[in-house]
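Consider the two complexes below, in which chain A is the common component and chain B and chain C are the respective partners.
Now for the complex of A and B:
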């Protein structure tokens, strides 16, 4: 490695707007001004080398747009993005060998080639010498548990296998920065768990990882720091433990067959943010404080309610809480 | 650098041949594709028989057999946009190597198949139509057929680059180009029957010069230097086309980076 910047990713005031393709209405009908949509709105973010950085946000937040810009596939409308000190717009020849990118979903593999052929192909595209490419290919196939099927065509693979092959593909060029865009979407829980194990190994190797997700548990489990993004704006960067705290603080309790008098008492428990009752008499208690859900649960159990459960809040709910309570250091 | 490039071309070609194998087996290539090719060339050669002209029969047979190499090479127009369907384009742009290299290599299966079927059509049908190709000298034309296929392939790459932006046109463009080349490059009628401007156009397109060289060799009426000149011209047309095609692919990648039209994942 020649020059080494301590920052794997440095993004300043990065904005990307998309202009909607012209409408296909006949020209006679009024031409509308082109509609533009801001996918990233002046975001500023740094990721130090060696960090696993999470980008947490709901659908349409702008996560993929940032991944595209950092992997040189998309040019920003304004602002600067650098990878290990190299500008992603002009210094593509410097940036590309340093970055591996893995997308959620199955596309992008040559399904009529075997797993090994795919990896050899991409290792050539990442300019690895043949012998090194063959060696890395064999190692990656083994590491990702694809060894036995290595010489079978990819079209016969399950979704989880294709996703692992994608990860191997992203790693075949030995990248210093690995960009994983929603890598576990569509995987079954066991496959997702294996995938997370791999991410931990990669972190231990000292690679920098930028991982996007809309799954708070995943962000909490895997990341050193997590940046929250919504509608193209960053809401702040947090310690993953904070996310864990939110998950338990805003836990929801659902129960059936709760007497009205007990519901009133639950409403009065400190930290209960709200109680909703649906048409079938099921109640959902939203909590906003550590230990609140435990207090609610014990009240319910003492009141003889047996049909109850707790669940973690969705990302959207957490965002609502955060924006409502100003609990975030927006910036 | 050069060996890196060749290796990428080889893998891209392997992916193209893998596509090809899902379309044909050796057997269906022979019974399906080759049979169709033989029928097509025979159809045109029969016109010469119909007007009872051995010279014109020979003219049509050679012209249409060589045209097969061009026709198959032009499948590159459609198959270039297959690369988009695999979803690999953004990943290729993100990779250090050039997208153009992959697109240049991923359709060479047509070139190989086209050269083979054109050659077989020429040598299998000649005896049936009473055309004496004067073997073994005639075997010299096999590399020339490959050259015509190659220059047409390079020209097809230019069109493939355009069709990448307008996927719905991929078959129309290939077919129209094929019909135009068939008409103006001396396959059915001598180029000299066309108005000057059309002759000039034909001269900068593939097939024209290569076919002239092939006719020259087979008739044994053309001097060696003249044959060589035609071969050189065909090679120049091919090389220039390749240059334009590579520029086109690079522009496709750059404009995609700007517009965001390059789809990412599913």
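Now for the complex of A and C:
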């Protein structure tokens, strides 16, 4: 594979184990043996060039570990990971100019410096001449809506603005592969919507994007394909429409003032996975099949219930359905 | 690579302007000068005025190497910037060494500061009869100090316990480096140790450059400063390489 490779990311049998030394137990002289934890367990994955690929999984699933290996920050224990055909362990100098990385959170910036100074620093690290760096910095600040605050200290920025600056930093090197690790965590809905719009623009520019997220709706909206990962194992790669089906399949219907007789009838509807009644008499109907929600809603409306709503399950709830009750355990 | 080094040096200027803590040593330098000059005046040893001006300047240069330069990698790691730096196409060692070189250059301002304190507050204009030797020695000390600082920057990340001794590292260095007291006046058993500290050669040369007498063995003594400082550079580059390999292997690049 070369830089014209159709595969932006090719990962085979990738494993990463962390070994952690442990302190002595009280009253014992000998140290406890080191504890090892497998964050990635023989993952195999390919991402074609130009794709927006989602990595979905609960905390501790191994998403960030994979992002760090692909960005050369972390060395894998075994297996192979390539970016545009270049091995991330032995060809770091070829990989790094091709990759932009946004690892999420507020860390990673020089908060006492301005947004422009931060971006100029990173443009220099991506080996751009000063004039080119200044031009690119100005364009990115404008594109990310930060031009009015460009010369203010980053420490005065809101979380959303810092996140946008991180994204600008990730783009300053004009990367072919952009790794976004939970980029919308902590953003308000408007900022998250703007961010999604930007991801679409970047996709239209032909960039490959690897996006980790907890948000299934976001994954469904943005990604060409989605890989589910849990406890370091790859569960599968799906079309986002499949996720849409999961979301609608496990929809919930909540209603108030539902007569007991109607509740019994709802329990008998095909596809109803369960009905819970809280202390205030409100019921939550969990569905597990296409069209079940519509049938339940129809029954409720026919029964004269007017206070009702539907909601989609969270990623964690879908995980509970997909992989059982240990779905939320951090491995 | 030169473009990168210059860009990092410019960046370091901007970073220091926003971080007064890194420049505190430059604020302390005139105060130390006043103390040393007051002692010299009280004892009636005007011949030691040059010593009293050089000592606080060298203390400042080392303090900035220890506290500003030595913390560069550790601070970037704590603030989550090191992993982004590692992921960039630029060699971390070049970035760190360029920034340290600029800090060292700024720290040399203390020489002028201390000279001015003597001139303005004490009316003593320290003459420099061997100006080229003085400037050349300062340049060699600057290079050697940057090398030593790069080694410390790596060491403070590799061995966290070393940071515990960070502040107390200064005093042995001041003594062995002959900052105020020439190595020749130290106890005999201590003198061999001073020979492996580049600053002891440097401070002796600086003091000699302030004297009218011809200076003996200039080249070998400057060479000693450069060789010992160069060893620091090599050690620093090696340590930075080892540090990065270790933290990438351990998965602790972003650990605070």
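Odds and ends about this structure:
The rule is short, and it goes like this: the second predicted complex is superposed on the first by the 312 of 331 C-alpha atoms of A that agree within 3 Å, B and C clash if a C-alpha of one lies under 4 Å from a C-alpha of the other, contacts with A are read in each partner's own complex, and residues count from 1 in each chain.
One rule holds for everything that comes next: contacts are C-beta pairs under 8 Å (C-beta built on N, C-alpha and C of every residue); 3 or more make two chains touch, one makes a residue touch a chain.
Just so it is clear, the structure is predicted and the values come from calculations on it, not from any experiment.
Superimposing the complexes on chain A yields a three-chain arrangement in which chain B and chain C clash.
Once the two complexes are laid over each other on the shared chain, residue contacts for A:126 go to chain B and to chain C alike. In the superposition on chain A, contact of A:104 is made with chain B only, not with chain C.
Of the two partner chains placed around the shared chain by superposition, neither chain B nor chain C is touched by A:308. Of the two partner chains, neither chain B nor chain C is touched by A:211. After overlaying the two complexes on the shared chain, residue contacts for A:112 are found with chain B and with chain C alike.
On chain A, the surface touched by chain B in one complex and the surface touched by chain C in the other have residues 16, 18, 68, 71-75, 93, 96-97, 99, 101, 103, 105, 107-113, 117, 120-122, 124-127, 130, 169, 173 in common.
Chain C meets chain A in the complex at residues 3-4, 7-8, 11, 14-15, 18-19, 79-81, 83-90, 95, 248-251, 253-254. Taken together, the chain A residues at the contact with chain C in this complex read 16, 18, 65, 68, 71-75, 93, 96-97, 99, 101, 103, 105, 107-113, 117, 120-122, 124-127, 129-130, 153, 169, 173.
Residue ranges of chain B in contact with chain A, taken from their complex: 4, 7-8, 11-12, 14-15, 18-19, 21-22, 86-88, 90-97, 102, 257-258, 260, 262, 264-266. Within the complex formed with chain B, the residues of chain A that make contact are 16, 18, 64, 67-68, 71-75, 93, 96-97, 99, 101, 103-113, 117, 120-122, 124-127, 130, 169, 173, 181.
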